[in-house]
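Next come the structures, one after another.
Presented sequentially are two complexes of chain A, the first with chain B as partner and the second with chain C.
Up next, the complex of A and B:
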């Protein structure tokens, strides 16, 4: 009986396993394989051992991209998590109008990435509405997308708008599941707002915070469309995050070996960061 | 009698089926990929329809993408075994594409010629040179081009300069920058209302190269030395970029901060009347706004030494992929398409480079055609390299760096380092 149930279980999960193996596991393993080869898509891969990995240390484009990626991810996730947490908390206190606010806040997340990026490209244009608004208050136009000092920030500002919408909804869901009696008990014990947040809200919200931190980091590291559409990694590589470099190396320069090596590094980085974050935020403190 | 009738029916049906299957067997659908340029797209579709009328078995499928994306998608499609039959390729990519076996050698009989010489004789001198590797021809010119200086007549008239008078044309880069300052317009706060001149900014490396390549030649600057090492940081190259490209920024004439970046129309500022002078090809007028369309003058590009002019020569060609299963038909269509030089020039502004194109009626009706024809003779093709894209990108990055304050020497040193790194990977 047990054996028969196991067989049925295997039959039911087989399509999912097959899907995962074909479309998730196989590409990852193939990328690892290609990273040890020189491969231009047109001719058969040529084994080069670990030379692609050794060259990373002297590859200035890669090192620069790593820094650009780290800068972008840090300045995207830290403010976004704070802002989303506050907005999620505030939304949870609303009753009647919560639905309307929830829809409005979630709108940026459901719009197609490319359309959103094109709209922002127009907004950041030298003669776009953002500079028009600055001009009307006496501030000179800012070369948002054509200057290395401003372009990374233009993308970061845009990502705040886009990512906050998504994580606010996750935080809101977390806030709505918190037990009310803890807060009532804290209020009766005379706890202030900051004390309540520190000792009750944050510990209770820990699973949601872990989820958001990990998701935001992974999504930040995997960002591509906004950089591709708004700046294509420029000016002077100021916004060339790792994914853009991977894309160009693979499809413009036809160097799949090098591109796969970058991808494996990015993959390893995402996995390591995710595990460290989970360990730091939940595991270590629980231990 | 009845059985005879039935037999006749069966025979007729068999014949019809045979005819249908033979017609299906001969049916060819040629896939054409082209970079986005609406006038060319319309013209090629029109010619394709004409070809289908002559050869009912041949039909076409057309796809276009903006320049930068186009190459990426094309390579991805070829790698995936989905190569189109006919593609639009820039001459600097020929060494790479041929070395990877992407392009098919020209099928001379399919084009109705017997030898390379016979084909070359149909074109202006040097027109096919950029499309040849080891004396084999791999494509036909769709757009044989050089760059000239476009100037807005009305803007100059406002500044009290008759730019239709050749004596007022800028001969040197200094002349150009002096004129740019005279014709530019600023508001009371000092913001540009109109630029006198600007380079292209924020586009792909090829776009930058179209503007800096003739300048590098004028200054004796080489991207690579004879040993294949980067030479872009040589004193000649530093002087070339300092005297021209950087000066536009440091003299407050233009720069990236004032440019409208539009990959589909890289000439947006001039086209919309926000810029008085620009460097561009003969193909650019169809992109101009109505106010600018009949209101411009074409002059040769400025020179370091006007007595010894050096210009750009490039070829945005049409060619057939090695993976195409319909190569003879594709080459035949290509010859049919590109032999309509007049149609191309009138409808798209492209010069197909056929011999004596400049004497055609279409050329006579094209503003500045004689300037382009004259400038082509001083042109040279880009440097040849299997890693041109990465090298072009390194130089573009250097330009964007020194435009923001990095010294030209430092920026070009970085570019040279990057070029050598890339070449060492080969």
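Up next, the complex of A and C:
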């Protein structure tokens, strides 16, 4: 009986396991393998040891891209997390109208990414509505997407709009699980709003805050569509985040070895964050 | 009392401002799709366009957007079916038939949730070439079809089903497969919808992988078709806004009909990243 149940378990799990092994785990190992080779798709892979990794330290394109990525991720997550926290918190204080606000604020998240990218690309146009708005307050038009000083910020502003919507919903879900009596007790003790937020809300919300920080960082690292559609990494590589660099190195310059090395760096970064995330989730589910 | 009231008004005002910001680009996109390019760039935000549906007509005659739509629907549909079927099976195995092997395999699932497609596109590309799947539906759809986060969500849902229900079935001599089909699956309906919505949205937004693996225009999914249309010479901004709006329609329909599940899937995808 128990023996047959064990067999059932493997029968049920086998299709998923095979699928994930074939299209997720094996490719990771394969990527590591390629990263030790020089490979241009034409001639067979040539083993080069760890030289692809050694070259990273002096690879200016890669270092620039790392910096661009870090800049993008940092400026994307910091304001977004603050704003979503506030919006989620405010929504949780409402009763009847909460559902309506939640739906409206969530709408940016249902737009396909490419639609979002195309709308913003045109809004950032030299004669588009964003420059129109600046002109009406007396600021000269800004060449948002064609000047390397502004393009990174254009993408960051756009990500604020897009990401806030999603993390607000996550924060709201977190706020709604908080025990009400804590706040009641704080109010009776005469605690002010800021005191309550600092000493009660933030400690209680810590798991959600960390979750959103990890999520937002991972999503920032994985960004591709916005950069590809709006600027294709330009101007002058100013928005060439790691994913764009990987894509171009592999499929424009056909340098599979180096592109795989970049991929392993990206993979390592995301896995490290993922481990933190899993640790948090398993902690929360068991609690 | 007056204090509470001012507070409420302030909260509403704050929310109203940010809601307006959230909605502006969407409304602008919709409006622009009915304007001429001249009207779109003349700085008049709130005027109605005079282009009627001509932007849509021109975009559809320039490129096979219906075909792109069908390709995207096919990809999303297959992904949903594969994720739900394999996910329910595996979720049941992981949740209710645990043993030392399943515990080890569970780590594989967790690892798969974290592995970003962006970091494995090169080996996947070579692999799919070796299968002879380059530039085919199989190559576009199958490698990314199984959403490992779906397995996770379904396992959590199955875990909350009481064991007594399953034991009752076992005593009656039902096979594990019958128990799954007749007892577990009917109880899972809400989670299955959440996983479907999540998987559909992921597939609908999938861009990098189809971009790498397709070269034939008629195999392109909607996001690729939209992006390619945008890069075509002489394409008008207003036409681009027309196809952006068009690409949003299926998601909007899904959102209106399955709103609650959408929000749940957003929260559930917190584990996907």
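Assume the second predicted complex is superposed on the first by the 269 of 287 C-alpha atoms of A that agree within 3 Å, B and C clash if a C-alpha of one lies under 4 Å from a C-alpha of the other, contacts with A are read in each partner's own complex, and residues count from 1 in each chain.
In this text, a residue touches a chain if its C-beta (ideal position, glycine included) is under 8 Å from a C-beta of that chain, and two chains touch if they have at least 3 such contacts.
Not measured: the values here are computed from a predicted model.
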Checklist entry - For A:119, is the partner it touches chain B (first), chain C (second), both, or none of the two (neither)? => result second
Checklist entry - So, does A:251 touch the first partner chain B, the second partner chain C, both, or neither? => result both
Next on the checklist: For the three-chain arrangement built by superposition, which of chain B and chain C touches the greater number of chain A residues?
Outcome noted: C
Item to check | First (chain B), second (chain C), both or neither touched by A:127 | outcome: both
Checklist entry - So, A:16: does it touch chain B (first), chain C (second), both, or neither? => result second
Next on the checklist: Per the contact definition in the header, classify A:25: touching chain B only (first), chain C only (second), both, or neither.
Outcome noted: second
Checklist entry - Counting only touches as set out at the top, which of chain B and chain C does A:80 meet: first, second, both, neither? => result neither
Checklist entry - Does the superposition put A:68 against chain B (first), chain C (second), both, or neither? => result neither
Checklist entry - So, does A:213 touch the first partner chain B, the second partner chain C, both, or neither? => result neither
Item to check | Common interface positions of chain A, toward chain B and toward chain C | outcome: 125, 127, 247, 251
Item to check | Complex interface listing, chain A residues touching chain B | outcome: 40-43, 55, 58-61, 125-127, 140-141, 143, 145-149, 231-232, 234-237, 247-248, 251-255, 258
Checklist entry - Inside the complex, what are the residues of chain A that reach chain C? => result 5-6, 8-13, 15-17, 19-21, 23-28, 30-31, 34, 83, 87, 90-91, 93-94, 101-123, 125, 127-129, 132, 135, 161, 164-166, 169-170, 173, 211, 214-215, 218-219, 221-222, 224-225, 228-229, 243, 246-247, 250-251, 256, 259-260, 263-264, 266-267, 270-271, 274-275, 277-278, 281, 285
Checklist outcome for this item: Residue set of chain C touching chain A in the complex reads 11, 14-15, 18-19, 21-23, 25-26, 28-29, 32, 40-41, 43, 45, 82, 86-87, 89-90, 92-94, 97-99, 101-102, 105, 108-116, 118-127, 142-144, 146, 148, 151, 156, 176-177, 180, 201, 204-205, 207-208, 212, 222-223, 226-227, 230, 237, 240-241, 243-245, 247-248, 251-252, 254-255, 259, 262-263, 266-267, 270-271, 273
Next on the checklist: Which stretch or stretches of chain B touch chain A in the complex?
Outcome noted: 68, 71-72, 75-76, 78-79, 96, 100-102, 189, 191, 201-202, 204, 256-261, 387, 389-390, 393, 397-398, 400-401, 403-404, 414, 417-418, 421-422, 425
